[in-house]
Amino acid sequence: MRKKITNVTIHSIVQKPYKGELIIEDGKIAEVGKTCSQTVDEVIDGKGGLCFPGFIDAHSHIGLNAEGYGFEYDDVNEMTNPVTPEVRTEDAFVPTDAALKESALGGVLVHCVLTGSANPVGGLAFIVRHTPSNLTGDKVVQRDVGLKMATGENPKRVYGAKNQMPVTRMGTAAVIRKYLQDGKNYIEKKAKAEKEKKPFFETDLKLEIAEKVLKKIIPVRIHCHRSEDMLTAIRIKEEFGIRMVIEHATEYLKVREEIKKSGVPVILGPFMSCRPKVELKDMTYKTYKGALEDGVLMACMSDHPVFPSQVLRLQAGMAVAYGADEEGMFRALTIMPAQILGIDQDFGSIEKGKQASLCIWDGHPFDARSRVIWNDQDSWTAL
Amino acid sequence: MLIVKGAQIWKDRGLKRLDFSVEGGKLSGFSPSLLPGPHDEVLNLSGHYVYPGLIDPHTHVGLLEEETGNFAGDDVNETTSPATPGVRAIDGINPMDAGIRNARNYGVTTVCVMPGSANVIGGEGVVIKTAGKSVDGMVVSSARKIVKMAFGRNITWTWSKKEKYPSTRLAVGAVLREKLNAAKNYMANPERVCTYEMEVLANLLKKEAIARIHVANLEDIETIARIAREFDFDYVLDHATALHTNVEFAKTLKVPVILGPLNVAGKSFQSYDVTFASVKILLEAGLLVSVMSDAPVIPLNLVRLQLFLVDRYRLDRSDILDLFTENPAKTLGIEKQTGSLGIGKDADFIVLDGDIFDYRSRIRSTYINGNAVGGEDYEMDS
Amino acid sequence: MRKKITNVTIHSIVQKPYKGELIIEDGKIAEVGKTCSQTVDEVIDGKGGLCFPGFIDAHSHIGLNAEGYGFEYDDVNEMTNPVTPEVRTEDAFVPTDAALKESALGGVLVHCVLTGSANPVGGLAFIVRHTPSNLTGDKVVQRDVGLKMATGENPKRVYGAKNQMPVTRMGTAAVIRKYLQDGKNYIEKKAKAEKEKKPFFETDLKLEIAEKVLKKIIPVRIHCHRSEDMLTAIRIKEEFGIRMVIEHATEYLKVREEIKKSGVPVILGPFMSCRPKVELKDMTYKTYKGALEDGVLMACMSDHPVFPSQVLRLQAGMAVAYGADEEGMFRALTIMPAQILGIDQDFGSIEKGKQASLCIWDGHPFDARSRVIWNDQDSWTAL
Amino acid sequence: MLIVKGAQIWKDRGLKRLDFSVEGGKLSGFSPSLLPGPHDEVLNLSGHYVYPGLIDPHTHVGLLEEETGNFAGDDVNETTSPATPGVRAIDGINPMDAGIRNARNYGVTTVCVMPGSANVIGGEGVVIKTAGKSVDGMVVSSARKIVKMAFGRNITWTWSKKEKYPSTRLAVGAVLREKLNAAKNYMANPERVCTYEMEVLANLLKKEAIARIHVANLEDIETIARIAREFDFDYVLDHATALHTNVEFAKTLKVPVILGPLNVAGKSFQSYDVTFASVKILLEAGLLVSVMSDAPVIPLNLVRLQLFLVDRYRLDRSDILDLFTENPAKTLGIEKQTGSLGIGKDADFIVLDGDIFDYRSRIRSTYINGNAVGGEDYEMDS
């Protein structure tokens, strides 16, 4: 089954936009260009629209507190223990969350689903894409793509209320360090058992994940709003030689040189919200402009349901209003999150061989009035 | 020997005019006409219908007692830890519970009694007959060992109220993984010290026991399947409220399912997908389907309502009766002992004054191991 | 001091847009048209931008939980007593809330500030406009413009937790009815005292406000999401012969005929959010389209800080994406809220004699990338 | 009669070389040279400086005691109702409190002691001298009656923790309006039954008493002004941390302000605007400004620090001294009795071994009503 999309302006992300065509075969882009030559079974008229790769929401809790299901169905934070690396968002994900369909209407076709920020060591993230299926399994792009950690107000507030460590920023860092040190000890113990050819080694599921982090198999995805928290995160990264992505990075502009130097990617947002916490005081859309100018690897996040993933595009548009480069913001919605998440071989741009994760828009995605009129997954009906 | 004469009996998936004999609590012979010997007792059931005793594969009768107030008779969830594999339902069952009495009076001769759904690992379940004063004497010993588990919201509602782990569905799977990993470590450790908790889980991993998993939503079923693949154990899906919403997926699982209770309001989001249609859909998909009452959620004096309501979907009536007899027997591993009428099987049967699908018909007597133990008219007595 | 704005397209709301000029004198619009003849002291070059009246956010809690001040500074709900008509948002308003300036950057220059929805009978609302002053007094447009009431989940949840009436929807209606009935009794008692020329009548501040409601001096502003709650509200309105505005009206489409018949205006939104409550389950942007088609008096709300007032415009733009008429949505941001709030003699359109509450935009307000480049209040600096 | 000779004394807004006499606890004469009679006591203070005793118009000394742990000596807020006009500070003061001892040893001869800021109406304040064993004997009787009030966050923090009204600033004004309305009803009712609470508020509405209102943020000051207009009463703004941020508005209020404590960290959002510059700004705006320690927030042994820090703004030093003497005296309505050196006034003065603005100078003695009651060297003794 080969399908051709015609009559669209192709925003491939890797090239300047041009009027062109593309061919989809087995869910992949088989050909793309000004004209496509292969014979096809079906032609989709793009009606002069704009064809974009599906946007990637690099930090979301979509599916963990499904739309309209109230607080009793909130699985964002396992806030009963400050160290829960063993919990997995895949286990709690609700694939029928109406927000997934709505996000697709807003052009977001891929989501990285993380645990919340109550715990210094949170849990394992996974990546889903929008499909019509009601099974999580049919949506999984990649499992166990990062271990969530958190700093700042949230762990303090949650465990402060329980009078349990951590109640300070120092305490949060100490909890994280202890976990990673336990991991190092565990790796050593395991190596020793192997060397001594012991018949038995007691595996520990919490520390198996620390091992993955310490061996750089997966990155730490660390929630930081304030500048000092980001610097603490980078300090820990250096100490343990781990991979890291900084999430939110609200005060990025205050420590931009340090972040750039560290080589750590940042996932910025959600800035289209009010500032109910003190640590959000200096939040500004201008952060996007700064990060683009600095050339750091940067992505937009919705933090859904904090901010609806459906309008991630408008947050990026607001960044443009506050001075960010428009093409840069499209990269922050597509190829850069794909790179940060390690899925850029399949997602994030319109190139031959990649997944045909595509939307056709009837207008500019940063204009609220614009609509997605087609995507590659749904039996399409208008809004 | 007891000779039962004159009745229409349900045998080999159909009503047949057969006499039958009972010896030592077992069914010993079937024939269009059995001639009693001089020492035989004869029971003339002309104009009556005999069916195998019904089996309810998922109840809490005897644990969550009726008529005892809210606290005194409630022993269904050991909510002091989210994983309590060491507790056994048999130790909490009161055979005098009105729920068990209801069972036998309304035709249910075998029930599986299990801990509740507040814990990820609730403890061991047990299969018992529904008549007796001592639970030990009621046990159906051929049944496979059962480890009760639960997934989804009941867990998180329970533990988040206590502000304890697991408060979210993020951690429910993690609790199970942690315990199963501990069991693997335990089994691999040549210097292990025997603990009952670990032995129970080791039984599961050795497939001597089967997991019985309370679950409602489809996403939780997916998580169960994922973990079962990771650790390789057998399981049954109990409730499985939303399983019918993805039939192709359901087929891939190749596990028995126990649906129900179906005659409840779908009032929580967990029971949102509840429908009698699920029985039809999953039967047609070729799954081994049973129906539960979850008694006392649906008390067993109402057990036949479910049969009537499934019958509204115009399924083959043999298939419908199987939901309450043969299928649960197979799921529990007791199909050689009970669940149908056949030579060598327990003489567990019910006598009605009409077809079981005729809602006016009444259960005149219930027989367990060949003994009359109840019937609808017994209700007032006990 | 007369100022002239030139080189703009005037979106007056009452006429089709046209290229024109306008003159501001003493904060009012002295002249508006294709060209203006009066001599002026200062000319403001609109740079070809779009001149709109300042948007009016008809339902907001702005200033009651100022940006970046955390939960300890949250004065949205006095949730200690289900009946608190005597509390006034003006008393709690923080005029230095950074959100006011940010909202102005988003074209919103007027806000109606209400109490939250924890109490069946909440408190008195007031209207502010954006000014550079740090005094509430300098921002007040009108005081005591309505008495907030609330139905649905919120009162149930708040008082349910206290095991105090109301814990049901029935209970909420009963609490409201009792308050209004007490008010009727109070009016009678007062009239009797006057008639009998008693030297003394004991005033009751809670019931003085009920008197204003019952004498139709101020409307009830009632929070309803679900259709049944809206019908209950209308039932109470009919029983007591009061004025009413329905706030949120999330399930408007389900009872559109009944609402139309009742003559009650609705203030719709915020729909650019997730659905953390069950009663938001059927929330849709399509509601705007329906209300416009029905011809009911309708306004947009941000419910700030639930949704930032700054991007109220993008919510209206999303309504257009979901089928609403664009001009209709501009009216829902300007003249219709002015009518609902009773300030349309001064606000809501660009007409001679009205307040010069104006913004110049460098692009279409529904495009996220567009910016306000001038307003009538700020010493203007770019974003 | 006591004759004090040889000192530089602060009189009529300047240092002067004058002798002075004290008779019956009052200042009775000033002259470049006073000749003592045979029965007179002579105090030679050559090389010393004499200033009027300092007045702190806003403290909690004696109520919120020092050196007593967290509970036993804490009587500052009657947090059982958000409006407690009936309670009186005088009933809670311990004259032996180390805070009062610090006051006199470090030069503070008069303090106003008031309830705290947890209640919208806290109760009646009192003005006392800082030496004595019985508080009744310490009272400065010429002072105007005081009703302590509070606005803003302290109220809502207190009551929201209890989940009681007023939990938000929405309701703070409402509490005050309700009570003042009740007082109006009370006053208008010819058949009223006297209640102390209502009498206190009636005093306020009759302007026999003045409201002393704890407030920080500008928006709360606006609310106070609005309510004061509605009900027509006199008030003083205490703390008024953000008042200097809008000088034009401040001028329109025409009320005395008592700033401070200023040598604290602006750590909460309420104290965000705290700055010594506020003294300069509001003085220049022509307001009647005093400075408080809020003791024991700033203990009174540190009282002079404030004077030094204000002095960094290079204000007229007479104006600075007025902040701690004449101005609080006027604000409290005791300016005819104390707060400056003049014939007929209380002999409340302090003796230093140098200029009061020289931070190395020490308070050698403090006199109240003509009696030496302390000084910095007394510290260790008592």
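A few comments on the model shown:
Going in written order, the chains are labelled A, B, C and D, and every chain counts its residues from 1.
What we mean here is this: a residue touches a chain if its C-beta (ideal position, glycine included) is under 8 Å from a C-beta of that chain, and two chains touch if they have at least 3 such contacts.
Predicted model, so just to flag it, every value in this text is computed and none were measured.
Steps from subunit A to subunit D, minimised over paths through touching chains, total 2.
Using the mean of the Cα atoms as each chain's centre, the chain most removed from subunit C is B. Separation between the centroids of subunit B and subunit C, computed from CA atoms only, is 58 Å. One inter-chain figure worth recording: subunit A and subunit C are separated by 36 Å, centre to centre, where each centre is the mean of the chain's CA atoms. Inter-chain spacing, taken between the CA centroids of subunit B and subunit D, is 79 Å.
Computed centre separation for the pair subunit C/subunit D is 44 angstrom, with centres defined by C-alpha atoms. The residues of subunit B never reach two or more other chains; the list is empty. Among the residues of subunit C, those in touch with two or more other chains are 69, 74.
Contacts between chains trace an open chain of neighbours here, each touching only the next in line.
Here subunit A touches subunit B in the complex through residues 64, 69, 72-81, 84, 86-96, 115, 123, 133-137, 162, 199-200, 202-205, going by the rule given at the top.
Note for the complex: subunit B touches subunit A at residues 153, 156-157, 159-160, 163-174, 177-178, 181, 184-185, 188-190, 217-219, 222-223, 226, 245-246, 249, 269.
Residues 65, 67-71, 74, 98-99, 272-278, 280-283, 286, 304-306, 308, 311, 313-318, 320-323, 326, 364, 366-371, 383 of subunit C are the ones that touch subunit A when the two sit in their complex.
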